[in-house]
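There are two complexes below, and they share chain A, which is joined by chain B in the first and by chain C in the second.
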Partner chain A sequence: MMTINLIILPVLLQFSLAILLLFFWRRIFTQKIISIAGSILSIVVSASLFSAVYDGEILTMQAGNWGPPFGITFVADTFSATMVLLASISAAAVTVFSSVTIKRARMKFGYFPSFHFLVMGLNGAFLTGDIFNLYVWFEVIIISSFVFITLGGKKVQIEGAVKYFTLNFLASMIFLTAIAVLYGLAGSLNMADLAGKIKTIQNQGLVQVTAILFLVGFGIKSAMFPLYFWLPDSYHTPQAAISSIFAGLLTKVGIYALLRVFSLIFIPDAFMKSLIVILAAMTLISGGLGAVVQTNMRKMFSYLIVCHIGYMIGGLGMFTVAALSGAVFYLIHDIIIKTNLFLVGGLVYKISGELNMKRMGGIYANYPLLSLLIAVPLFSLIGVPPLSGFWPKINLFSESFTTANYFLLGSFIFGSIITLSVLARFWSEAFWKKWEHPVRKPHIRYYDQMPQSERAMLIIPILFLSFISLYMGLGAENIFRLSNQIASELIDTSAYINAVLGSVTTNVTP
Partner chain B sequence: MEIILAVIVGLLYASGIYLMLRRSLVKLVVGLVLLGNGVNLLIFLLGGLVRGKPPLIPDTATYLGQVYADPVPQALILTAIVISFGLQSFAIVLIKRTYVVVNTDDMDQIHSTEEDDDY
Partner chain C sequence: MKHLTFRTAASFLLPLLLLFSVFILLRGHYLPGGGFVGGIIASIAFVLHAFAFGLGQTRKLLRIRPMGLMPVGLALAVFAAVLPLFQGLPLLTGLWLSKPIPVIGLVGNALLFDLGVYIVVLGVALTIIFSISEAV
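This part shows the complex of A and B:
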């Protein structure tokens, strides 16, 4: 219960980095240096924020010293700080990777400034305690992502951008409508304040409608069934580094918002729980089936994003401490692993020069050590026992059994098997198969044409994220302690509410 | 006044959604603009309409004595207008670019399956 400005530092750091980079608009090399150094600094800053709240303390900051619930509140509890830390880790890996893979012409059109604006939006969305401010951060995120998705202006990108733009705009409008109705009902925008006021409203039917509006708005952003169709149609169009930050963080911020809003403001009743559970099961099944039929590597990965969203939403739908703990663990695992998966996709493309899996091959024969490295994220994604994807599934599977959600249990298993079969196919096509007709395309800079330093810039981020995945798998008890703490804070929100509203009296000193 | 505003909000939502469901890209953008304005009006309407004074406490008093207009919805609308203005201008540039690159206004034509080997 203390006011501390450290909370806003991850946001401010990214903001100043982005502004600083704007001054070096044409100086690509300087931009790379600043961006990588700044991203590493941001890991340090978020780690210090994380260590400040790790023991369960909740920090708050009132913008402009306006007491809650009138001003905009920033809250750093364990959940927010964890998400900020993961976002900076992923972002740092992606900046290193993008410094050698993004084309020079695209870097000259403001790649790095937009990148830091995007991460600023993510950090802000994770840290805010105000529902309208959350909307504003979402807009910061999507405007930066529009820059990314159109950067390059190729036909397939522009076509993807039309779909991406329209659906994200619609989602924002539905989210804003929900905020309008919520403000009309409760007269507040502070999430902790809303948590108390929402129970006293007479018209609970309208509260339910608002909850559904929030579910639809966040559902579009997090690519939930049946609202995910924009994702596989647009995520495969930008370059690898951009796809990986989209895959790792953009859909996950929707999941974060769902977990936050549906644990704090709208506590799911029986109807809402069963609705979310059905949506989660359908997300798993339809995303999995979509992945099976793809031969394009990037489209297959995009469908895997959709498929795995179901695990987290399913955990929210069951709404017990153990299930939420599983969902949070899966979220922590998924941010790192999905970023890494798309980086791996970029590396495989740099090696083979192909996107269609049927035309790849021979990577294992040519690069055995590299294949071993790539196997780590792929095995973690499937959930092979000691690795990170396995542990959250224990919780999710056992909770879906004890809460008698057998259909959800079935779809969890289905999703895992589909992931296994799809990645096994990817492995056998790209790695084990003999490369039949290696065609060299003149416009691609292949991996074996790169100097050692550039190769290192490709490998280091993947190595870094793989180590973190390995730590999550082998040190799972630490992550479990973290996710259990987050889950119990999500169920029992009194500490959060007290931390925000309790500081009313302590914060009046000028 | 509330009734009129409610009807207008409904009309803006309905026409916005209708235009978004059309196949023309231009109508899509017009639909987005109408939808954005509908949401702004909805915030204004749900914030409560009163014929009140601005919420300023005079120096001689310590609290607001008379009916005042809630400033929060106005601040929200102002923010939302700026954001949707930015998004709408992006949308207009995007559809112009789409027309140049794809050479059509028909959304049904926007489905290239070519594999872009420019990752």
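This part shows the complex of A and C:
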């Protein structure tokens, strides 16, 4: 029984943390301690969930003890558990980082409670086996992210928030419409149940339309071409810690939903595959081109998020075990690396006080060791062998060659080259170039004005995430084993469906 | 709004509305009602009082900050949700006492959950309305 309740524990823990933090509304210091301790505890909890499902076992829990397909099912398979683990790792790093970078005034307005509500929403979205419940978790995520994106209330933030709000709201509406149509067609909301029922529906044309609606809804949320423009316009406005959790996890939950829904319910046919492949290629190209022209560091990073979304979507579009394995590996790599990238961006801002790359410089001369540390995530992002970005690309490149998607192959290569050139420019501008006119702005607390303890709080999260990236690169064999297992579970969904629907007879009675 | 009739009515309506909100809360399981509506009605009671006697008086009457109600209600709701876990049942499973309590009826953890919702809604509604009327 304990293992079953283990599924919901990552969600419950974050919820309880958020409530506990609400009790300490004005006590910032207590909030910091609770938040950091709780985030570390959540890594332990999600790691134990991960170890419970790692050998291929699928755990399910029926909320309220209502049998499937009527009750809300929570399912932890390897994919969900991996995502929950990665989310809690990123979240823990961000809490430590934000404890010194977020301004006091913003913390007073509920930064930490909102943060844990956000992570609760993420965990819930990863663990739910019910499509309407997935929508609810998405709502929890966006409501918390609205708090974040407007926290501070600067003009540029509100402007970004309007774009963010409008597009995400539209995406939610489309998602909800799609669910309504799907329910009207199949009469069920349980994803495992839908997987079986969708094949028996007469009106397959409408099923296709619903699939497209889901694609558009999740596509907006995961910043897919052509509806990605809200992301670079809003992600650079909140503070570094906030945008790093956005970058690492918010778009990835859209990818997770795409992978889940399009492998379980709507298995892509030839048309759908080619549509997704084209969208992936366009995402790679347009995101990459967007990154090239930016001089604002964080806007450039935001375009890189868009660009790299294409790798994962492309893997889904090819829909073979190897391609999905590549996409999942890329997803695992990308969550950690994008969180880290924005933390690095925050650190660079603390050192130089600038967001414009042209006005930065001299970081390598002043902080050689720190620069070496920052080089790890940057090189991993580019995909220099043997670092973590390199391995999933092998699968994706070779699969796009064998499935004869040469256009996608070309855009994969294009995306990699763009990433390389953009980050090389960043490196030479911010690190190697001599710092021409270092101007001190009075309102910024610079890195060298901080005491040793605060500096450590900035460095430790980056160090921690870099170590995980290094492990993913050097221990790629283990990650490949994991991503292959996830990919084969995504292709052969019978185990998932059996785990959910098979538990009808084994209901627990008091 | 400081008319004598209104003030007299408001002071009588406060306990009546609060009692009515509890009634709505209790009948909510099988009939229309429940924690959300109950919480809204309870907040109407305090808002009416605030309109008649001014915010300061209502704050004095309440004694606690309405914002402080939110975590309490949330904690109650979570407690109700996790109670079944201790018996090895899934989250949110309905647990019921074997015998009905007079007046109230059969009590289960659903009532505790609804009570949590009631408190959260009361806290949220009062926080919003109080801060808006302070800002105006």
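Here, the second predicted complex is superposed on the first by the 505 of 510 C-alpha atoms of A that agree within 3 Å, B and C clash if a C-alpha of one lies under 4 Å from a C-alpha of the other, contacts with A are read in each partner's own complex, and residues count from 1 in each chain.
One rule holds for everything that comes next: a residue touches a chain if its C-beta (ideal position, glycine included) is under 8 Å from a C-beta of that chain, and two chains touch if they have at least 3 such contacts.
A quick note: this is a predicted structure, and the numbers were derived from the prediction, not measured.
Contact with chain B, but none with chain C, is seen for A:296 once the two complexes are overlaid on the shared chain.
When both complexes are overlaid on chain A, the residue A:353 reaches chain B alone and has no touch with chain C.
Judged by the touch definition given at the top, the superposed model places A:25 against chain C, while chain B stays out of reach. Contact with chain B, but none with chain C, is seen for A:181 once the two complexes are overlaid on the shared chain.
Looking at the shared chain after the overlay, A:190 reaches neither chain B nor chain C. Applying the stated contact rule after C-alpha superposition, one finds that A:222 touches neither chain B nor chain C. When the two complexes are overlaid on their common chain A, residue A:444 makes contact with chain B while staying clear of chain C.
Once chain A of one complex is fitted onto chain A of the other, the partner contacts of A:244 are absent, as it touches neither chain B nor chain C. The touching residues of chain B, when paired with chain A in their complex, are 20, 25, 28, 32, 35-36, 39, 42-43, 45-48, 72-73, 76, 79-80, 83, 86-87, 90-91, 94-95, 97-98, 101-102, 107, 110-112, 114-119. Contact residues on chain A toward chain C in their complex (touch as defined above): 1, 4-5, 8, 12, 15-16, 19-20, 22-23, 25, 61-65, 508, 510. Residue ranges on chain A touching chain B, taken from their complex, read 132, 136, 139, 143, 146, 150, 152-159, 161-163, 165-166, 169-170, 172-173, 176-177, 179-181, 183-184, 189, 237, 239-240, 296, 298, 345-346, 349, 353-356, 441, 443-444. Looking at the complex, you find that chain C touches chain A at residues 67-68, 70-71, 74-75, 78, 81-82, 84-85, 87-95.
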